[in-house]
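What follows is a short report on a single structure.
Chains here go by letter, A, B and C, matching the order in which they are written, and residues are numbered from 1 within each.
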Amino acid sequence: MQSVIELHGVVALLGRFPALAGVDLTVNRGEIVLLQGPNGAGKTSVLRVCAGLLPIERGTGHVLGIDLSTQREAIRSRVGLLGHTNGLYLDLTVSQNISFWASTVGANQAEVEAAMSLMRVDGRLATVKASQLSAGQRRRTALASLIVRRAEVWLLDEPHAGLDSAGRDELDSLLRTAVASGATVVLSSHESERASALASRSVVIDGGRAQ
Amino acid sequence: MQLDKTSPSGTGTPATRTLGVLVIASLIALSLFGLVFSAEDVVQGSTVRIMYVHVPSIWVAYMAFAFTAISSAVYLTAKNRSLGWDRFAGASAEIGVLFVAISLVTGSLWGRLTWGTYWVWDARLTSTAFLFITYIGYLAVRRLGGTHRQRARRSGVLALLAVLEIPLVHFSVRVWRSLHQEASVADKGTDVELDGLMLFSLFFGLVAFTLLFVWLVIHRQRTLWLEDAYADKGLDAAIVARREEAGV
Amino acid sequence: MSTHSVSRITVSLAVARKDLAIEWNSKILVNQVAPFSAIVMVLFAFALDNEGILQRVAPGLVWLATLFSMLVVIQRTFAVESADGALDALRVAGIDPSAIFFGKAIALMVQLFALELLLVATAVVLYGVEMSALGFLEVLVTLATATIGLGFVGTIYGGLASAVRGRETLLPLLLLPVVAPVLIGATRATEAAFESGGAKVSEGWPWISLLLMFAVIFGVVGSVAFGPLIDE
């Protein structure tokens, strides 16, 4: 079982609009796959399908061997999705946000602190409300929440967006470490040079399909 | 039942056409029995004739909502999750709402004529009004948009919640009323002495309206089917269009 | 890798604690909803304009004000989930929907209970309601049982209405018919506790059993129905 993600002819709808119009995609364990393509091409939807959030209308899909058509819910605890939105509670502080996500998977305080220092949202930032953070700081908080969730498959939608160059370097090394310890990463990015250097392979998504 | 494989080309089949003729005939017959053949009531006079529409209407409404609940349960539990059952649930609820409205209107007109008032805070009336509102909410949820399956799952769960809600509302409204006044006017007012022919007309009304319900629900289910099929047909075209966006 | 399995109760409590922490940080309930509830009670007094009538109908007004305030609180409790896509994140995290349901319901109940205490106090001050010691106990039990039912049913329909963005306006239409039994039961029980209109304190207890039944039914049903209602 080397392929972690397998999509065949996947059609997925946003309302009545076919955001995905027959995607074929295979991702193997330990890969970092970069999804490229113009805005609105379907990159986000590919990630949401893989996370078990968006139902498949036609075609077949498997993630970690789990059938996305029938067991969409089962996949969710094993993947981590960083979407366009950060999934933060704006009225909670940085450390409250990360601790909440940690408590849902039973991660301890040490793991929370490690993730926070890795993403540089510790110290003064820890007690700041998410609503008062800059875009980059929110992104880092969301990534720290993702780290404590210990996912097997990381699905990252524009993870570089909003980060400064030091933050981007840290993110890249974080992803390399995660992959080295057995995780698989699929990400979309407009930072094509940086992301291509990071990725083991890139796939162009356009017109709701992998080209 | 072959529900999802192919959509119908129209809504009529020889069987439903026969049924339709039967419905028209029985409604004409009901009109004759209700308006001409059956006698006036000793107390209420011709007013009593409202009964031949009022009682069958609420009967159809109850039947329709029960069918909505059953179809929803079948949809949610059946392995293949055939959308046909969801469409039956939706079709039936629409017809139910229509007939509750008819029975509320005819009932309050009847009440105006016999008790001098359109509305009394009687337990049965009050919980019927709740029934009406509840299924208006159900129909609103059906129109929320999204995919067919989203619609089917949401409204299916909602229909089953309504099955719980209705007895609770009815029970609490009944206890509420019984504490404050003795047996309601509505119960006294409808205590009509029915002779043989009146009773026959009433039962004939139930049969005629039941046939009407069956005819309506079949056709409505099929028009909903066509609507879904039309949306799906649009989907094929939309997929092609979506693919052509590539490289533009 | 996700080796730590966490019990549903732990997750429910984490969700509840999170919602209450949000309220603690934002003070929306204290600064916005509670004043709104109080002004509703004052407006009732303007509309009815008669102290005898006010005293008589005080229980009904307390519960009507509760229902209106509840709509605001429910919309708030789901707005914090959709503001930055947190509900998506909860779902991707594979958190059991029934744990989300119980967690959000518990937090809602705590907030509602606080609001109801305020409304009862307002009725005492503004409407001249008086209670015996036993009556006060009965009020507390009524508040508790009614609140549990309202918390469950509010979470079910709040979740459904928030699952479709921009359709939060659907909430009152779906929710208010369902909570009619709570309005009836809680109002009668509170009438008995206030001894308004010649009611006796002992007459309230059967109504409390109706409230309890309502709470149990929707607690059980909600834990099953919530998942399918909020999913895409």
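Just a few scattered comments:
Basically, contacts are C-beta pairs under 8 Å (C-beta built on N, C-alpha and C of every residue); 3 or more make two chains touch, one makes a residue touch a chain.
Note that the structure is a prediction, hence the values are computed from the model and not measured.
Across the structure, the highest number of inter-chain C-beta contacts is found for A-C.
Averaging Cα coordinates per chain and for the whole protein, the chain whose average falls nearest the overall one is C. Centroid distances built from C-alpha atoms place A farthest away from chain C. Separation between the centroids of chain A and chain C, computed from CA atoms only, is 36 Å. Averaged Cα coordinates give chain B a centre that lies 32 Å from the centre of chain C. We define each chain's centre as the mean of its Cα atoms; on that basis chain A and chain B are separated by 47 Å.
Of all residues in chain C, those that touch two or more other chains are 232.
Residue positions of chain B with contacts to 2 or more other chains are 145-146, 150.
Of all residues in chain A, those that touch two or more other chains are 55. Listed in rising order, the residues of chain C touching chain B in the complex are 156, 160, 163-164, 167, 170, 173-174, 177-178, 180-181, 184-185, 188, 210, 213-214, 217-218, 221, 225, 228-229, 231-232.
Contact residues of chain B toward chain A in the complex are 145-147, 149-150, 231, 234-235, 238-240, 242-247. Interface of chain A with chain B (complex): residues 11, 13, 15-19, 21-22, 40-41, 55, 57, 206-209, 211. Partner chain C is touched in their complex by these residues of chain A: 51-55, 73, 75-81, 83-93, 96, 100-101, 103-107, 129-130, 145, 149-152, 182-183.
Those residues of chain C whose C-beta lies close enough to touch chain A in the complex are 1-2, 4-6, 10-11, 14-15, 17-18, 21-22, 25-26, 80, 83-86, 88-95, 227, 232.
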